[in-house]
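You will see chain A twice below: alongside chain B first, and alongside chain C after that.
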Partner chain A sequence: MTALFTDAFLTSLVLGALTAGLPLMLAGLGEQISEKAGVLNIGIEGMMLFGAYLGFLVAYDTGSIWLGFLGGGIGGMLVAAPMALFCIRLGLSQIVIGIALTLGAEGLTALLHHFQFAQSYPRLPAVATLAIPGLSSLPVLGPALFDRPPIVYLAMLAVAVTAYVFRYTQAGLALQAAGDKPAALDAAGVDVGRVRTLAVLTTGFLAGIGGAFMSQVGAGIFVPFMTNGAGFIGIVLAMQARGRPLFVLAGALLFGACLSATTALQVAGVSIPTDVIQMLPFAAVLAVLVLFGRRASLPPALGTHYVRGAR
Partner chain B sequence: MTQTLNAHAATANANGKALSHGPAPSPGPASSHGAARPIVTLDHVTKRFPGVVANDRVSFDLWPGEVHVLLGENGAGKSTLVGMLSGLQLPDEGGVLIDGHEVRISSPARALELGIGTVFQHSMLVPSLSVVDNMALGGRWWSRPDREGLARRMAAVCADIGVTIDPHAKVGALSLGEQQQVEIVRALMRGSRVLILDEATAMLTPKGAEDLGALMGRLVKLGIAVVFITHKLNEALAFGHRITVLRLGRRVDEISPERLAALGPAAATAEIIRLMFGADAAAQATASHPRRAPSTQPLLQIEGLAVDDDSVPLAGIDLEVSPGEIVGIAGIDGNGQKQFAEAVAGQRRLAAGRIRLGGQPIERLDVGGRRRLGLRYVTDDRLGEGTVGTFPISLNLLLKQVGEAPFWRHGIDQPETIATHARRMVSEFDVRTPGIETAIGKLSGGNIQKALLARELSGKARAVIFAKPTYGLDVQNIRATRQRIREAADAGLAVILISTDLEEVLELSDRIAVMSRGQVVGMVGNDAAARSRVGELMSGATP
Partner chain C sequence: MSDTTQIGSDALPAPRSGVWRDRARLLALALGPVLGAVLLSGLVLLALGVNPFAYYGYVVDRGLLNPYGLQATLTRMGPLLLIAAGLIVAFRAGIWNLGGDGQFLLSAVIVAALGPLLAPHMPVWLVLLIGLLVGAMVGAAWSVLPALLKAYQGVNEIITTLMMTFLGVSLANVLVKLFFRDPATTVPQTRTLIVADRLPRLFDTTISSGLIIGLVAIIVVHLVMTRTAFGLKLRIVGANPRAAIHAGLSVPALTVATFAISAALAGLAGAVEIMGVQGNVRADWNPAYSLTVVPLVFLARFNGFASIAFVFLFSVLSIGGESAARRTGVPNFFTLVVVAILLIMLGITEYLDQRRRAAGK
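After this line comes the complex of A and B, so read on.
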């Protein structure tokens, strides 16, 4: 059994955890921002998928990976905007609208893909990596963590920035208040709807980049339904992380490791039926929920529409 | 009352003394008498909601250095008036003047700018944030909240008004009374010179209410004008300098400080009751009630009752109640009264102990079993566990008998029988409702309580537990409810009356048990010395 843990196996496991975990992390981080502000953003799966599609399209047409990520972020926001309109301005059910947006994005991207790429299946070239001098020559971890595309480092930075915003800025307080007691925020002279709208758009942006990461870096290709539940895992991550961005990162890497175990185990030459291995991430979700589900703490105003003066 | 007068006399010396912290309030008239004009004037404001005129040409003057009490029963229009002062609602007609200038209070933020701070009945603090973070809320997005600076300013205001608050404590960990102090301090730090306290004592312990009264006294000495909304007469008289009475959306009258002083407490009470309810009500209030001597054979016997609970475990509670007897349970809220009531009613597991009803052991029976034997429980959580808000009254009246004959036969409901029963209950217990099919959640608190009483007191009731039966009701419904409790005892029921209102316990009970920290710390007969004995027991065991 010890032969399993070769350097090659570990490197590919860590690398896979990062590659598969990063989109989850971005989705979880985005979801956490929405949830903190009191919006249960079920449309996040749709935001990721549309981000994956638009990111791929832009990167393919312009040849720029950076414009691709920007396109992905904007794609996510395009799905987030109706969420903000319907749920925050008009007060419709966040759950219904979220599901509708996810289904809509799935259908729309599949359709567009069918007309644009179904004949040719174009691929993007492999994304250039940026090796961090020194760290990248560490054994095992070096190539897996410190010789990655720059977007990976930026995403890590986003975790730190989010943690800082939550803890040390007025925006963090406003987000927390919008989800915990919107009436108090309103009384303090802050527009609850605006805080929530910005939170949802930020969620869309992050989720869209997460989706674009899947299509541009992870796969190099856009395939319909390619997010495959990543947004929903992001929702679970956000709920379990209890408002802490670092927990989202840790959870995402854990789920990412499970997701990538298939590849790593194949590299190691273990012959377990892939069906069993592919169940791992979902078994992990179940295990986490069973073990920690009771400790999930959600903002009291989550999923509710705020109306001034209503009790 | 003399205390009130002294406090009022002190306001005359309050000239110019204002808080020195936060954005300085614009210098206005700081003494009540001889002041050129009130800080705030509502000039014949009218506010309509679909189907009702919540405020009908109401006028209201607020003078600096005074606690102005806004008194009225539920639905009299107090909340609407507060809503218009605090920026939640705009009047349909009439004007709002501040320092004599017409203003439009279009939002809570605007109210704050104008120097009007409101402490709502339901806390307006974010429980998951610390005290200073709550104060910091509302600054520019990208800026860092100045936690240390705020803590310093807060300490200064706290010292001015004589309260102590830990600025870095999480709000959710503070008591409701402390949370209110935080809100008052916050309003002052934002430069409020008008402070509106909306039903501020409704959620407080008697001690908390007293502290708040003293705090209001200190605030007005600093030249702040306080609007204190309540439906409790004794608080209005004890804390207020000027009293405005609202009824059915109209201002009935204002009692000026001079008149309040001239009347004296007893005459003032009668006068206010007359204003609030009309002339006939005042006569009823003073009518005393002869109590029938209870029999001595106990009907409900509780022995060594113990309950495991995270917050307040109960241990070794013994209590016997005879038919026709009312045993009051006094104590500060949260000392195990709820756990006790639920354990007896069958809603909690006993860790130990026995309960007998008419000699028959019932501690192993479930809620339904105990009910069938005649044990009833009138919960204080009327909307939560007492009723299903969206169900019609008719069903709520049968909530504890669902599936039982004659209202249900073979699982099929019998609409005729249910409706007949509901109509009878509604008229017998005077539930004011548009119809028996109305969702019970749409009724006022008083009428929901009447429906609950109807459900629990009808049928073969033998013993009843009332948990805070008049909590949150207005004076008229309090009186009606207390009357029901007396009638229940007169009809030979064994009654346990749990209340945090000492007056209520003293008024109704034959004997009084005092609960503290999950135990009965004493039992006294309700005689002349009862008040002081109960008071000692309540405070003696309190840290």
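After this line comes the complex of A and C, so read on.
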């Protein structure tokens, strides 16, 4: 076993945790914003998938990874917009519409992929990394954490910004009120619908970038159904994090490590069927729910439509 | 959970004079989304450069008019009806069992492995009976964790059942590839149940008797949910869990029972699909029926008889779509798009109806 824990192995373990965990983190962060505002966003899987597709398409056509991420974010928002319209404006069931959007995004991206890429299966070139001077030359952790594509640093920044917004700004307070007691927010003169709409669109943007990260950085290729439940894991992360973005980050890295441990073991020559690897994150999620499920906390008004003056 | 009741409790008794108008309204509410979905998905086809009339022509021809197609459609209804029955129980009790696909697939794999093992040693009817029972039990077993977490910890069952589905689909593959693999084939799959040992076909057709099992199940579920004290208890839990506690009902026990029945029906669907249609399970096979049946059950407002009609419509689309996929080059993923549009159309008609009624008051 000692030969297993070489520097290269540990580096690939940490690197894998980051690469697999980052999309989960973006999804969880996005979901947290929606849930804080009182919207249970089941459509996040569809938002990620559409972001993955559009991000790949834009990056492939323009050759720009940054436009790709922008496209991914917009792709996620394109799925979030109907969610905002139907659930927040019209007050339809958030769960039914969420399922519909996920199914629709799955079908649509698979169809579009079939007509565009099914013959050629094009790949994107590897994404350029940005080495942070000094830190990147640390042993083991340096190459894994501080020599990454710039989007990784931006995503970490997004966690800090979200934490700051939640805690110290009016917008954060409005978000919290929209989920805890929308009537109070309304009485304070803030439009509940607008707060929730912005929250859902932000979720779509973040989830879309998470999806785009999967297709552009993680895989370099778009494959139908490639998010494979990452959005749903994001929902669990948001539930367990009890409103704290840093907990989402920690949880995402934990699940990412779970995914990458098996990949790293394969690198080290231990053979495990891929199906077993695919089971690990979900088994981990369920284990977390069994152990800490009671401590999950959700806003009181989650999933309910706010009607002014209704009792 | 208020969402389920909002859509489910719509069929309130109407004043006698308005009965026919009320029925017409319900019919319009059911057919409006279907027409809207056909129209909109036709536009999607058009955008993809496919003639929608040609596509739907194939669907109707191959799924409904062609005798073999129609028999395939009716056979497909069997498992779908069982899944719908399971969803009706759960949704009426206000429980979102979205784990049907995992429950279905695991049961299918276990039954597929068990069938050819038992078949040489006992009469066919006993093999089939054991297969159906085991399928139901495997399905129910795969819902125990979400049921206990929901009943005693209050963990949201949407998340847990979805997680169990992802876990179950992978586990099913592991079982097929590592443990139940037929050594005689190169492609990983379970051993095949010979046709003579499968569920009998109806009369001189190719229709599997799984259709009868499905029809009986959904009608029994409908009657139990609407006509019995047990059904009333479940509906009270669904409508208002707090009121149910005050009424002296044991909500945790009823929650676990709901999960068990719902998942057992999904498991039964897996057994019926294997012993009636497939005969074996190939690795990576996952028809993902359950999530697509969800919208049908909503369209039917959790009514068993209406569900039969919608399951029939969907079966035509699904069987016809498979032929149309070969002819027109539109992959079967298109049915996912249709189902998604159908759900959204359902939501919009619901909204319009509520506004119209609010304006009429």
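Everything below uses one rule, namely that the second predicted complex is superposed on the first by the 304 of 311 C-alpha atoms of A that agree within 3 Å, B and C clash if a C-alpha of one lies under 4 Å from a C-alpha of the other, contacts with A are read in each partner's own complex, and residues count from 1 in each chain.
In this section, a contact is a pair of C-beta atoms (placed from the backbone, for glycine too) under 8 Å apart; a residue touches a chain by one contact, two chains touch by 3 or more.
Source: prediction; values computed, not measured.
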- prompt: Which chain, chain B or chain C, is in touch with more residues of chain A?
  reply: C
Field: Which of chain B and chain C A:Ser93 touches, first, second, both or neither
entry: second
Message: Taking the superposition on A as described, I'd like to know which of chain B and chain C A:Arg308 touches: first, second, both or neither.
response: first
Query: Is A:Thr169 contacted by the first partner chain B, the second partner chain C, both or neither?
result: first
- request: Classify the contacts of A:Ala183 with the two partner chains as first (chain B alone), second (chain C alone), both, or neither.
  value: first
Partner chain in contact with A:Glu35 - chain B first, chain C second, else both or neither: neither
- request: Figure out whether A:Ala283 sits in contact with chain B (first) or chain C (second), or with both, or with neither.
  value: second
Message: I'd like to check the shared interface: which positions of chain A are touched by both chain B and chain C across the two complexes?
response: none
Query: Which residues of chain A touch chain C in the complex?
result: 42, 82, 86, 90-97, 99-101, 103-108, 110-111, 114-115, 224, 228-229, 232, 235-236, 239, 273, 275-276, 278-279, 282-283, 285-286, 289-290, 293-294, 296, 298, 303-304
Task: Flag every residue of chain C that touches chain A in the complex, lowest number first.
output: 2-4, 6-7, 44, 48-49, 96, 98, 145, 149, 153-156, 158-160, 162-164, 166-167, 170-171, 173-174, 177-178, 291-292, 294-295, 298, 330-331, 333-341, 343-344, 346-348, 350-351
Task: Using the touch definition up top, name the residues of chain A that touch chain B in the complex.
output: 168-171, 173-174, 176-177, 180-181, 183-190, 299, 308-309, 311
Query: Considering the complex alone, what residue numbers of chain B touch chain A?
result: 83, 88-89, 107-109, 112, 118, 122-129, 133-134, 136-145
